[in-house]
């Protein structure tokens, strides 16, 4: 608590120094400044971390030339991106081409403003925080469309259309699985959600049947929502070069990456807030460690999980991605919502645990069994040619 | 922030409504015509919210409830309308309503 | 007049007019999203947070994207109809619009609603809205849910493309019938 | 069950992730400019010319027979004969190249010149760092750049160099034996001639 | 009813094709022509596909190649028989050993040269090692085309590296080996090399197990590759397809068994066959073939006899085969690789012709891709296993 109080006191002190008419603006500025700076820097570090970890997964070193252990690699990348020529195709719609990366970055950054980083440490504490978050996610779809359409490039347009189709489809399970938490907490405000998990690790939502399945569904939808592997078909380099980013270069390209990185952080922070106790320590004894540290720790471990998945999986095809969303994710998230409803109706307790757990387990195993029997995708056994009687 | 009179909201709403109406009347592309209809619906929503805000009772939320329904129905309308537009395009290879004259004598 | 509202209203109106008159259809829809965002801002100013963010979520995130998809699927990225400049058509349309606006503003300025005073800030509109939706308006809500489901299925059915089989007309395929296995 | 294969794959990548920190079999990267893998003994890249002794011009084995020039598939060798001759390792007078150029931007390192050379004079080098700032001249190796000592050859391809030396020793021995036989034959003939002469002298003297 | 010509339904001027010379939008439909390649990241070199799409479904696909044409056959007709041996390395630059062997085999047929037994063993060993490294890098590339961000490819290349090291210490070069000679091989294998090869071969099945655990049962891979790019056995036979692509359709045709060239009849190995002819079958057939190759290698490395590594009677310089013609073919990793030679008694071949498996297997690309999506086209192309050096020659 002391850390959060300290920050808030500093902010109020600074705000009070300003002339009266500037105070609202100054307050907003001071609230958003730490988010923008820390996540900008964090994004740079995350690119390094991702490249290092992917390298290790692939039995390589990863970047290790710039600075000690490659620590300055993001700086070098940034300088490279800044000094590159900014090419805009002749036929492109210049205004839209220019606005798209900005729109993407702004919407990603805005999403962060409703995440509670600590007790009362939230830039925009509104009643409908999570709705705001999803609204900003929806706005990023438009930015991606602008990028794809404004470039006047077939690959870019195809990539943008894929990205939007995918994001819209996965928004449904994303919101539905978040809804289970909101149902139990009974509030749309993220600080309320975080506060509901303040009692230590056993109160975290992930350790309930509906929270566990909800967390997994939420993470999968998150992967799709931020276009990361195995759902990175919008920028599938083996098919579409770079999707909606094909015609971008220089700093605008870097902005796209930054927006993607910030969106990833925002989604991970939301996951941590919804399911992993937010800024709360797993044990009440450990709560002397500031809340932001816990949140960033949880966030980083989720990012590491994403990198791990990225290092393992091939990507799905666009239509299979949709199929997965509608055939698996949507039914499972609806079932999970019912399980959360059971939990709310029974007001927690052992019976609720058993009932909702049973519901989720039966649904998952039964549905995945039905799906894999109905699907034509199975491991195969192979025959060998007869030794004798070789025929053409 | 908030205006203390209802008039500007109503004027904005009227302006948007008429713009949407103009769009429906002028354009020859069914998708943009649909956009005009959406605009008109939105204009109505502004009125609903403004009336809710200026209603003296604190418990009265009918205006908001209306807007919730309006948004949902507008979304459904857009989905069906655009699906129709696409299937009409598949049939006529055109999105111009003037070209869809099969039933004309 | 509040400065903030004035700016919002002007941007909203300007983009709405642009959305209805621009020649490039994608530009039209993009301007329309600006209008939607402006309307959402108006909602937020009025203190209807839930409605405002729902507006962004539904209109910017879904409806305008749907429109863009439909435009691209119907190859309407550029509308060439406006080439056939029809002044009579346009002037009549504009006049009807202005006349409608005139009638409405006349009604507004003569209405007793102008006198209504703004009450104190509304408390906890979100919970009140939720409660009334599930008590007072529960039947309309259910009907709306049904309508949405039907609309979803209907839209999917209407837009479903007919299945096609593509075959190559090359020499290999011709030989296939003889089948020299 | 959906997800089983994916989990199996993720376990595998996790094993590789941890393995890359302690298992040299997994992390096989060699950081090139600082570290280099020692060249394999047979490694070949571009040809060079061997010389014996210390003076590269005098000791150059090449006799400009132009077989390699003819056999080279991409025709990257250019040879011009010198008018002056010089003695080879057997002491015979042989031609020598005035110009011997190899265009390494054309050469594909196929080793056919080495196989066809009857004088053991052209061999494959394993140096691969030929980058230069001049794209024309720096990749056209001339005679002086190509000439490398037999000692160098021993250092890069010890087994092959040993074999080559043995062949040359054999050749020298054969040559010496031939010379000896020739000299003996010559001496014998001389002797015979001498005895013949002596005999005829004696006969002459007898007659007188 | 016809739409008026100035209506949006017709033209979309900004989407005309540029730079490729292909005409733009077909009249009045929603089809889009996309030119994939020649510098598209996943067309395996300089290959181009002119694809016509309806949505993402392929309605037409025209392979365009020739960007890497190097006039190999005519160059070979103007150099000596030995002189085109290093050029065969560069046909399919992944498998120089098998290319060498196929060429050497046809010249040996032409000139009637015997090959000593030890040389035959060396040839089998190097060819099977080549098959291992070709298949392993191919499945790496294939999974990379499906978007697995390099991890399987890196593992595959780690193993391929060990085999290339073996080639380097044997022939001096990692990829352009130029190792076979008419009547044998260029140099002998040492006992040390055989020991190294044995250790590589012993470690290989373990790697294959790891690789399969990583990806073979992955649901994403199965969904991407099963029932995609199906090739019917009849069509495959009609089109002359050979190699793993043919065997994946279920046709039992392996030249090592059928032709019995070299000494393959001495080894115990089986020929895996697929049942569906789709991309997954092509992937799995290659995995299984690698396991069989390991068996062949174990037998060959254990049984290799002493003797000459090259026929001492075979001439290196001034080689003039008698007039006649010959066609030698082997089961290269990509399929049937054949060399057709006509000699008129001069030191240069009168006619020299390559039957490249990559090119022949590529001809059925359109049949496999029609009706699939553009994402499938990429992996179907990857599963055919082409090398543009061999396609264009």
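Letters are used for the chains, namely A, B, C, D and E, taken in the order the chains are written, and counting of residues starts over at 1 for each.
The rule we apply is simple: a contact is a pair of C-beta atoms (placed from the backbone, for glycine too) under 8 Å apart; a residue touches a chain by one contact, two chains touch by 3 or more.
Bear in mind the structure is a predicted one, so any value in this text is a computation, not a measurement.
J.: Among all chains, whose Cα centre is located farthest from the one for chain C?
T.: Of all chains, D has its centre farthest from that of chain C.
J.: When all chain pairs are ranked by how many C-beta pairs they have in contact, which pair ranks first?
T.: B-C
J.: How many angstrom lie between the CA centroids of chain A and chain D, rounded to a whole number?
T.: It comes to 63 Å between the two C-alpha centres.
J.: Between chain B and chain C, what is the separation of their C-alpha centroids in Å?
T.: 7
J.: So what's the Cα centroid distance for chain D and chain E, whole Å?
T.: 35
J.: As a quick test, compute the distance in whole Å between the mean CA positions of chain A and chain B.
T.: Chain centroid spacing, chain A to chain B, equals 33 Å.
J.: What parts of chain E, by residue number, touch at least two of the other chains?
T.: 7-9, 14, 151, 155, 158, 214-222, in rising order.
J.: Which residue numbers or ranges of chain B touch two or more of the other chains?
T.: Those would be 29, 89, 95-96.
J.: Touching at least two other chains at once: which residues of chain A meet that condition?
T.: Counting only residues that touch two or more other chains, chain A contributes 57-60, 311-313.
J.: Chain A touches which residues of chain C in the complex?
T.: Checking each residue of chain C against chain A gives 26, 30, 33, 49-50, 53-54, 56-57, 60-62, 64-65, 68-69, 72, 77, 126.
J.: Can you list the residues on chain E that touch chain A in the complex?
T.: Interface residues on chain E, with respect to chain A: 14-15, 32, 34, 40-42, 56, 143-151, 154-155, 158, 214-224, 226-227, 252-254, 257-258, 270-276, 280-281, 284-285, 288, 373-376, 378.
J.: For chain E, which residues are in contact with chain D within the complex?
T.: Against chain D, the touching part of chain E is residues 79-80, 82-87, 89-90, 151, 155, 158, 161, 165, 168-173, 176, 178, 186-187, 210, 213-222, 316-317.
J.: Would you pull the chain C residues touching chain B in the complex into a rising list?
T.: 1-2, 4-5, 9, 12-13, 16-17, 19-21, 25, 28-29, 32, 35-36, 39, 42-43, 45-48, 50-51, 54-55, 58-59, 62-63, 66-67, 69-71, 73-76, 79, 81, 89-90, 93-94, 96-98, 100-101, 104-105, 108-109, 113-114, 116-119, 122-123, 125, 128-129, 132-133, 136-137, 140-141, 144, 147-148, 151-152, 154-156, 158-159, 161
J.: Which residues, counting only chain A, touch chain E once they are in their complex?
T.: Per the stated touch rule, the residues are 54, 57-60, 91, 152, 154-155, 158, 229-230, 232-233, 236-239, 241, 310-320, 375-380, 382-387, 390-392.
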